[in-house]
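This report refers to the structure that appears directly beneath it.
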């Protein structure tokens, strides 16, 4: 078995602020293989973005990160600042959620892409410009030669996101981390972006960590899925297995909550929600994080932290009472 | 307080506790608060604190060096400098605080009306304010003081009026953006009267910005009063203020620079204190601005 | 950008017009009969009536205003108490103040901007605290006091620099000798404001998403801060500079008074103390016009720096 490209072990992130501490991520572990697409799923605030940002050292000063993130032999969390800068943009790239604010408004789009090329690949300005135009074409931006000179505010949201993707792929990184790349976009544009990402993955073979709260997106493009809840991993499985055989009550809840066009009887089906709210994370919980909202909660789940258990080939769940059905 | 007790407080009270806690974590702001209060106290209780009356002269001790009888020494007419500085605080505090209140009383309603109602009145007020803002603050104050005649009261008036345009702009800006807030629109949709909306939704939310601006305005107006008096347009002798003292001190820079140093330091410290306090207040009340 | 500039110019003109109206009214609001004031010593009713006619003081107010404005636009601001042309007086004194202002702005920029950036980058550390506190002190020190103190230290005690007067620029070294203290006095307050604004603008841009993106691209800290963040902060700070220039004019008034520099500022004080209303009128008008024009220039500079204004956005 080949060694994984990225191996995250017991990653924990804690924020210390004026108003108290927040334990955003609690001992998260997962692996990523070459060319694989891993979906990191969970609701807002579950720590998925934070965990990804911590890999590249992009969290604010108030964050304390512990654990290990082994990439290509080096531990990303222990590496020197200089080495980290060499990895960022070159080996591991990030695509952020908000294309509107993630691009610098005072520089042209072309300049921002060329910047990465010249920084890591030492290209001349002419070479960089040529490659930039190629990249823009790669992400299917029409009239690339003209766009190169334009400013972010002149582009639509969907196009800005494509620019972000082009920027991220510029140096042909091994891993692309995409943080909710489609959330801020219209539904019709979303499809285009996902299409693009799928195409790129096939062509370039880049491994992708796709962070999203949208299970539909995951079903579309991921190979494997990690479901997170309140900073912890709740379930992990290959994508088909997850949809066929969800074990964690949270996963089941998520799947049930996907609205469907009318079926049974009158065609009016109530939206299934998961009652309750995410627990406050000011202290690491000493029991199952989902206990308050779980239909299977009992004394055990309210007093102990469930460990990850194997329930099938490559299928892990952290639950005392796994298993169940979901209405497809 | 335990979590349970905190949870029982109303949301407003809880917010106030958080703000108070945040404020007292900033040493500079706390220092600013206490020093400002000290100055205000000194101003109020001046006759009790100053060893001599500000009018009292001692022709035997002119331009004397600091001694036990005269903590800061005496000036050219035999006034005790320490007492002068203490009494000077009165004029400065009065000017700073009263002029600010005056400016607020005029600017907040006007700005509110302009920003909230818009319509035809807003452009008019906006243009007028812009025109007034075309005059540098001091030039405006000096001009007004010249028209009104020199006295503390007129100086306060001139300073207050001079500060109005800038405050109107701020109040208007706040009202303008608050108007677009969802809860205001909801209130309008529910048929609430304009007055009610202004009173319950718009004004309270403007308050924090206004308070911060007011606190930061006071030191500007303190310096303004000192400047006007320095130019002979404010407080007139024998009444005294720090500016008046500095004016008199000019002639004695060679022989007795302390005549200028003491009142000057008083101005700097008082201004600094209010600025620190205002800064701290702003950091605490506006969650968006970080230190 | 053309549209933006035109609109700003239009607004500036309107503001100037209204401001001129205020100036006109302000002087007319003074107690006493202007004709009598103009007549000076002469109390003869016939002479006064003649004066009233000559100056058009018997006409209705709006007509007077238009007449006055017409003269002003042609450069004629009337005569002061000593029968000297107001415009001439102002024109001779203005360059002095402009030089003072120019030097002060230079000092302010050279000190304020780098310190502000440094304080933001080293936020929370000693450098930040020290800079911020010094900045606050700089804000809290009234111009005239700083001037007096500097004179005391440098002129009286150390005899390094002269305490006053002004030497024309034809003698550059001596001119600088005389101007350096006043320029420092004026520049300090401005530098303090610049420093604070720069710091807060840098903190904001350094915390922005695009800076995070720049970091994620693996760029050096220098590039991230000095190029990406700084360039954006510069835009925010530019708007502030315009507002501060008004304070600069005010400060010049005092500073010139203290240092005995015969410039526009000192002229203002003299005119007020002598209650020379025609002169005051001219001065206030010129001050306002200058302020508006400078702000216009700043607005134009802003539009050049900010691509969102310079290039219209047409999302396609």
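Chains here go by letter, A, B and C, matching the order in which they are written, and residues are numbered from 1 within each.
By our rule, a residue touches a chain if its C-beta (ideal position, glycine included) is under 8 Å from a C-beta of that chain, and two chains touch if they have at least 3 such contacts.
Quantities reported herein were computed from a predicted structural model and do not represent experimental measurements.
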TODO: Using mean Cα positions as chain centres, tell me which chain lies farthest from chain C.
DONE: A
TODO: Look at the interfaces A-C and A-B and say which one is made up of more C-beta pairs in contact.
DONE: A-C
Open item on the list: What's the distance between the Cα centroids of chain B and chain C, rounded to whole Å?
Closed with: 22
- [ ] Could you tell me the distance, in whole angstrom, between the mean C-alpha positions of chain A and chain B?
- [x] 51
Open item on the list: Residues of chain C that contact two or more other chains, please.
Closed with: 207
TODO: Would you mind writing out the residues of chain C in touch with chain B in their complex?
DONE: 11, 14-16, 18-19, 21-22, 26, 29-30, 123-124, 133, 136-137, 139-145, 148-149, 151-152, 156, 200, 203, 207, 246-251, 253-254, 257-258, 268-269, 272-273, 275, 280, 284, 287-288, 291-292
Task: Residue numbers on chain C that touch chain A, as the complex places them - done: 207-210, 212-220, 223, 228, 231-232, 235, 305-308, 311, 313-316
Task: Touching residues on chain B, where the partner in the complex is chain C - done: 28, 127-128, 130-139, 142-143, 145-147, 219, 223, 226-227, 230-233, 246, 249-250, 253-254, 257, 260-261, 264, 267-268, 271-272, 275-276, 279, 289-291
Task: Residues of chain A that touch chain C when the two form their complex - done: 56, 58, 60, 85-90, 93-94, 96, 98, 101-107, 115-116, 119-120, 150-151, 153-156, 159, 164, 167
- [ ] Within their complex, state which residues of chain A touch chain B.
- [x] 18-19
